[in-house]
Amino acid sequence: MGRFQTIVKEMIIKKEADSVIQDTHHSNIKDASEKQLSEASFEKTLTELGNSFDLVHRSFNQDEIHIIYLDSLVDSKILEWEILSPLREISFHNVEEAFQQSLFKRENNQEKVISGILDGNVSMFAGEHTYLINAAGFEKRSISHSETETVINGPHDSFNETLKTNVSLIRRRVRSPRLKMIKLSVGEISKTKVLLIYIEGIAKMDIVNQLKERIQSVKVDSLSDSNVLIQMIDDHQHSPFPQFYTTERPDIAVAKLYSGKVIGLVDESPNIFCTPSTFFDFFESSDDYNQRWIIGTGIRILRYMALFITLILTAFYVSICTYHFEMIPQSLLQSIMQSRSRVPFPPIVEAIFLEIVIELLREAGARLPTKIGQTIGIVGGIVIGQAAVEAGITSNILIIVVAVSAIASFIVPSYIMCASIRIVRFLFILVAGFLGNIGIFFVFGMLIIHLTGLTNLSSPYFMPISPTFFKDWMDSIVRGPFSKIKNGQPVHSLMQTDGEKERN
Amino acid sequence: MKERLHPFQLSILIMMMQNGLVLYSLPRLTAEYFGKNGWLSIIFIFVLVNINIMMIAIIYKLGKGRSIFEIIEASIPKWVMVPIYLFIIGIWIGIASMITSEYIFIYKLMFFPALPYILFIILFTLASFQLLRGGIYQFAKASVVLFFFVELMIFLVFYLFPEFEFSRFTTFFFKGETDYFKGALHVYSAFLGIEVSILFFPMVEKKWTKALFIGNFISMIIYLSILFLSFGFFSFDQILHDKYPVMTLFEYTEVSFLTRAENLCFSVFAFKVLSTIVIYYWGAQQILGNINKSIKPNFWIFLILGCGCILALLPDSIVDVEKWVERLSTCAIGIAWALPIFVLCILFIQSFKREIDHAK
Amino acid sequence: MQNNITVWIAICCLFLTGCGTSNIIEDLGIIQSVAFDISESKENPLKTTVLFPTVSKKGTFDSHTLSANGKSTHETFIKLQNLTNLKLVSGQNTILFGEELSKKGLMNVVETLTRDPELGARVKFAIVEGKGEDLLKKKIPAIEDNAEYLFTFMEKLGNQNKVLNTDKYHFLRDYYDDGIDPVLPVLSYKGKNVELKGLGSFKGDQYVTRLTISETQMLNFLSGDINNGNLMISIHDEKSGKNENLFLRSINSDNDKKVDTRNRKNMTVEVLIDFKGSVLEYTGKIDLSKEKYQKQLEKQVENYIKTHSKKLLNKLQKYKTDPIGIGTLVRNRVPYESWSEMKWDNIYPTLNFDVRVKVNLINTGKST
C-alpha cells in the first residue's frame, strides 16, 4: 500500500508542480536543442520534486555537500554503510576516493538526475559535480507459491513483482551467455520497464524485432500489468481468446525459452508473456512433463475432452429437451421427463438461470476473503442446488449437467483461457435454445473458423493442426516420450497472407 | 515470403470441396440408373474424374505455374472472354445456392419442418461470409479442422456390420432398367467441386498436383465404402423406395447413450456442404476479380453472397431444387471438361507459336 | 468493422426464431407404443391405440392409452390429437399389429410408417394374437408401463434369437427382397403375463402361419450361424418307454446351405448344420461319461433335428412362405433372365430339402 501511495503521490505532485515544471520542461526542451545539457543543482532538484513525504535532503560539511534521496526507495542499511558513514569522515576534496566501493557515477543532466532519484539512487551535489549513488532497496514480497497455477509435482516458486528477482529466477535456470535481454520502457509517466528475453541462436530474430517494434509503438501514460500490455499489442483485439500465453511460473517460462520463444517481463507484474503462442499452449501444464508420457498423454486428452464437454454439454441438454426429444434413449426418457415435469420454465431459461448462478458463485468466491470463501462455496454449491430442485425451479438432471460442465471448465490450466471458454459457452446455450442442433454446429463452425484465423504476431494460432506439422503433434496434442519430442524451435510461419493484405 | 498452400492441406481441402450432398441419395441413384450392383459404377466414374484432373495437372506443368488467366489472356483479348467468364460465374453461383437449398430442404424434411427457411439461408450466408473474408488460406486452415469432425461419423458404420450380408448383392451386374448416361451424370456430380482447383495455380507450392489425386481418391474411397455397405445392408427394392438411404443407415446405428444419431451426422455434414458452397463462391470471386482488377475484393464478396442468397430463396419445393441441381450440375460438368480442354488448346497453340518464332 | 456486421446480423436472426415451433419435452406426449387393429365400423376400418407416458406435477409417472378409428394411419393420429392436452409425437416405439389386420395385409400401414421421418429405423414390430388394443390396455400388476415392458421384452428376444430381432428396417428389407419373406414375433396377452407365442411368417405382406416356439428354434438353426443358443429336446427312450428331456446350452452352430439348380424342375437344397453344445439337463438314466453313450445321445439329437426341421420346412412350403431365404440362394445361382421368368412362388413348394446334421457335445455339465 505504501508503494502505491508513493506512486500516486508522485503522480499528484507532478501534476501540482506541473505549472512550474511545464515551463521548466519547455525551456528544458528548448534549451536541449541549443545546449546539450542543463546543469544539475540541488535547488532545481528540490523544486522539481517538491514537498514530498519521503524526500530527504541532508547537507554535510557546512553546506558544501548536499544529498537528496527518496526515503521510500532507498535501503537504509546501504545508505548508512556506504554513504552516510564515509560522508561524516571525508573532506571536501576527496569525494571521489571515498566512494570507490559503491556504485556511483557522475551525472550532469538534470533530467537524468531526477530519474535517477526516482529509481532509488541517492544524488549527491558536491560543488560543481553531481553524483548518483545506487542505494536502491525496495520492499518486496518474497518468493512464494503461485496462487493461480499449481502443480502437484514440480518446483513451486513463482515470479513476484520485482524485475530483479524474476530475472534471477530465470538466470539460475539458464546459465549460458546466450541468454539475451532487451530493455524497453513503456508508459509516459510510469516508465515501466519491459524486458524481452530470448536465447540467441534458438529464437528467431524477426520475432524479437517485431515484438520490440510493437511494444515501442504503445503510447500510454501508465502500464499496470503485463496482461494490459499484451492486450495492447494484440493482433486481434476483438477476439475473446487470449493470443499471448502468460504464466507465473519460472519453469514454464524457461521451457518456452528453450523451445525458441521470446518471453517478456514487465516490472511490477508477476505474469510474464511469451510469443509466438498457439491455442494448444494454453492446454499444457508442467505436470504433463513431470509424469510419465503415457499418463501425460492421457491427461492431455482428458483436457481436450473437458474442453468439449464444457462447451457443448449444457447446450446439448437444452437442444435435446427443446427440439430433439427423439435422441433420448428409452431408458433415460422417464427420468428426464420426471425431472422436467415440475419446472415451469422452458429448458433454455432454466439453463441460463443456473449458469448465471454458477457464474455469480464463482465470481463472488474469487472476491471473498479466504476465511469466508470456503463456507460460502459449499453453501452455494450444495444447498442452493438442492433447494432449487426442491422448490421446483430447476431439474436435478440439469444441475448435474451444469455442475459437470463447470468442473470441466476449470481443467484448463490457464485462467484467462478458462474465462474465455466460459463466455463462449453462454453463446452455445443461447443458440441451442433458439435453433437446436443446427445452431450448436453452426456456432461451433464459426468458432473454428474464427480460431483458425487468429494469429499471434503473424504466426497461426492453430499451429500444429492447421498448417499441419505432424512432428509437432508429439509435443502439443499428446505428450510423446522425450526421445520423440524434437528440441529446438517448432516450425512456424511468419508470413503475411493475402487475406490479411486484403483486409489491411 | 508469401504463404503457399501445402499439399496436405490441399488434399483435405479438395476432399471437403467435393459435393457430398449427393452421397445421401447416391445408393438410390446408382440403383435406379445402373440396376443391380450399381455401386460398381462409381469406379468407372472415378476413372473419368481422374482424366479430368490429369488435364488440370498437365496445364499446370505446361504453363509452368502461371495462372490460367495469364495463359488465356496472352492469346485471346479480354473482352472476348468476359461473356464466357460471366457464364461460368453464373453457373457456379447457381450451383452453390442450389446445393444450399437442397441441404436445407432435406434438413427441414427430416428434423425441423416448421423453422423458417430464411433462417437457414442466413446462417449459411454468415458462415460463408466469414470464410470468404479470410481468403483461401484461412479457408484451407479451417477446413483441415472441420474435416476431422466430419469424418468422425464414418466410424459409426461399424455398427452396421452385424446386418451386412453378401448374398444381398446378387450375382447380377447392371441388370434391370438402366439409363447409363443420365446415371453417369448424376454420379459424376458427386465429384464436382474439383474443377475450381484450376484457379489455385498462383497460390500453391510446387509439387501440389498429387494433392488433387489424393483428395479425389479419398473421396472415392468414402463413397465406395458407403455404397458397398448400403447395397449389402438393404435389399435392392428397399433402396429404390428410400429417398435418402444413407440417412436410414445412420438412423439404424445406435450408440448406448444416444439414439437417432443421424441428426448429429447430418448437422456435421453441414460443414462439408459449406466447404463446397464457399469454394464455388471463391471461384466466382476470383474470376470477377480478374475481370475487373480495380474494385476491392470485399465488394465482390457482398455481391456474390447477395446473388447466392436470392437464388437460394427461389425454389419452393424439393422437386424444383432437384430439377435445377440436375441441370446446373450438367452445365458444371460441361465447364469442368471444356475449360481445361480450352486452356490446353491455347497452350499448345502458344507453344507452336514459340517454336515457330524460335525457328525464325 | 466487418466483425461487427457479422455480430449484428447474427443477433438479428435470432429474433426470427420465434416463428419456429419448439418441442419442449414436457409439453409432449411421446408415444411409446402404437397398436393397429381392424375396427368394427365399415367406413373407418383402422383402429389405432396409442400409449404414452405422462408425468404429473408431483413427479409421478403414469401411462395413458387412447383409441381412435379412421381410414388411414394419419387420420387416426389427427383424431387422437384432439383427445389429449399434450402434443402427440412419435418417439422410439414398439408397433403392434392385430392378428386380423396382419392377415389382411400390412403394407398400407407400414408404408406410412416409412414415409414419416419422425419414426426411426429401429422401431420394433410385433403381431398380437387378438387385438393389439387389448394388450396395451391390459393392466398387469407387476408392470408399471406396458410400453417400456414391451420394448425391453422385444429387445431381449432379439438379443437371444437372431430371427426374432425384428424392427422396421428388417421387415422392410425382407419384404422388398424377392428372395426372402419377413417374420414377426407373435405376442399374446391372454393369461396373467404377456407371452411370446411364436413367430409369424409372412407371404408378401400378409400373415399366413404361426410357428410354435420349438419350430422357431428350429428356424433359428436353419437360418444362419448361431452363437450361444439353446435347445430343448424330448427323446423317446426305447428301453424305459418314457420320454426323456435333454437340454443343450451354449450352442454354437454353423450353417451352410447349398442349392443344386441344374435340374430346373426338381431342385434340391442341402442344409448342413454343424452343431456344438453342452448338456445342461438330462433326465434319462444313461451314464454320459462313457463315450459310447455320448455318441448315442448325439445320434439321437441329430435325428431329432433332422425330423423336426423337415417338418418345419414342409409346413413352410405348404404355406408358400420363405423366411429362411432359400430364394436368395437360388437367385444367386441362376442368371438374371431365368430368375425374372421363374415363378418362384410355384417352384418353392416343389423343392427337395436334405438336412444333414453333425452334433458334437462339448461337455456334459458338472456331473456325469
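Note that the chains take the letters A, B and C in the order they are written out, and that residue 1 is the start of every chain.
As a working rule, contacts are C-beta pairs under 8 Å (C-beta built on N, C-alpha and C of every residue); 3 or more make two chains touch, one makes a residue touch a chain.
Not measured: the values here are computed from a predicted model.
Q: More contacting C-beta pairs: A-B or A-C?
A: Pair with the higher count of C-beta contacts: A-B.
Q: Taking all protein C-alpha atoms shown, work out their mean, then name the chain whose own C-alpha mean is nearest to it.
A: Centre-most chain by C-alpha means: B.
Q: Could you please state the distance in Å, as a whole number, between where the Cα atoms of subunit B are centred and where those of subunit C are centred?
A: 42
Q: How many angstrom lie between the centres of subunit A and subunit C, each centre taken as the mean Cα position?
A: A distance of 66 Å separates the two centres.
Q: Between subunit A and subunit B, tell me the centre distance in angstrom, where each centre is the average of that chain's C-alpha atoms.
A: The separation of the two C-alpha centroids amounts to 46 Å.
Q: Could you tell me which residues belong to subunit A and also touch two or more other chains?
A: 323-324, 326, 328-330, 435, 503
Q: List, in ascending order, every residue of subunit B touching at least 2 other chains.
A: Subunit B, residues with two or more chain partners: 111-112, 115, 119, 123, 126, 130, 133, 259-260, 298.
Q: Could you list the positions in subunit C whose residues touch two or more of the other chains?
A: Residue numbers touching two or more other chains: 2, 17, 92, 120.
Q: Show which residues of subunit C lie in contact with subunit A when the two form their complex.
A: The touching residues are 2-3, 14, 17, 22-26, 28, 30, 32, 53, 55-59, 61, 89, 91-92, 118, 120, 145, 148, 151.
Q: Given the complex with subunit C, which residues does subunit B contribute to the contact?
A: 36, 109-112, 114-116, 118-119, 122-123, 126, 129-130, 133, 163, 167-168, 170-172, 175, 234-238, 241-242, 248, 251-252, 254, 259-260, 298
Q: Going by the contact rule set out above, which residues of subunit C touch subunit B in the complex?
A: It comes out as residues 2, 6, 9-10, 13, 16-17, 19-21, 92, 114, 117, 120-122, 169, 172-174, 176-179, 325, 328-329, 331-333, 335-336, 339.
Q: Within their complex, state which residues of subunit A touch subunit B.
A: Checking each residue of subunit A against subunit B gives 323-324, 326-330, 332, 435-438, 440-442, 445-446, 448-453, 460, 462, 465-468, 493, 495-500, 502-503.
Q: Give the list of subunit B residues in touch with subunit A in this complex.
A: 1-3, 6, 8-9, 107, 111-112, 115, 119-120, 123, 126-127, 130-131, 133-138, 141-142, 144-146, 203, 256-261, 263-264, 267-268, 270-271, 274, 296-298
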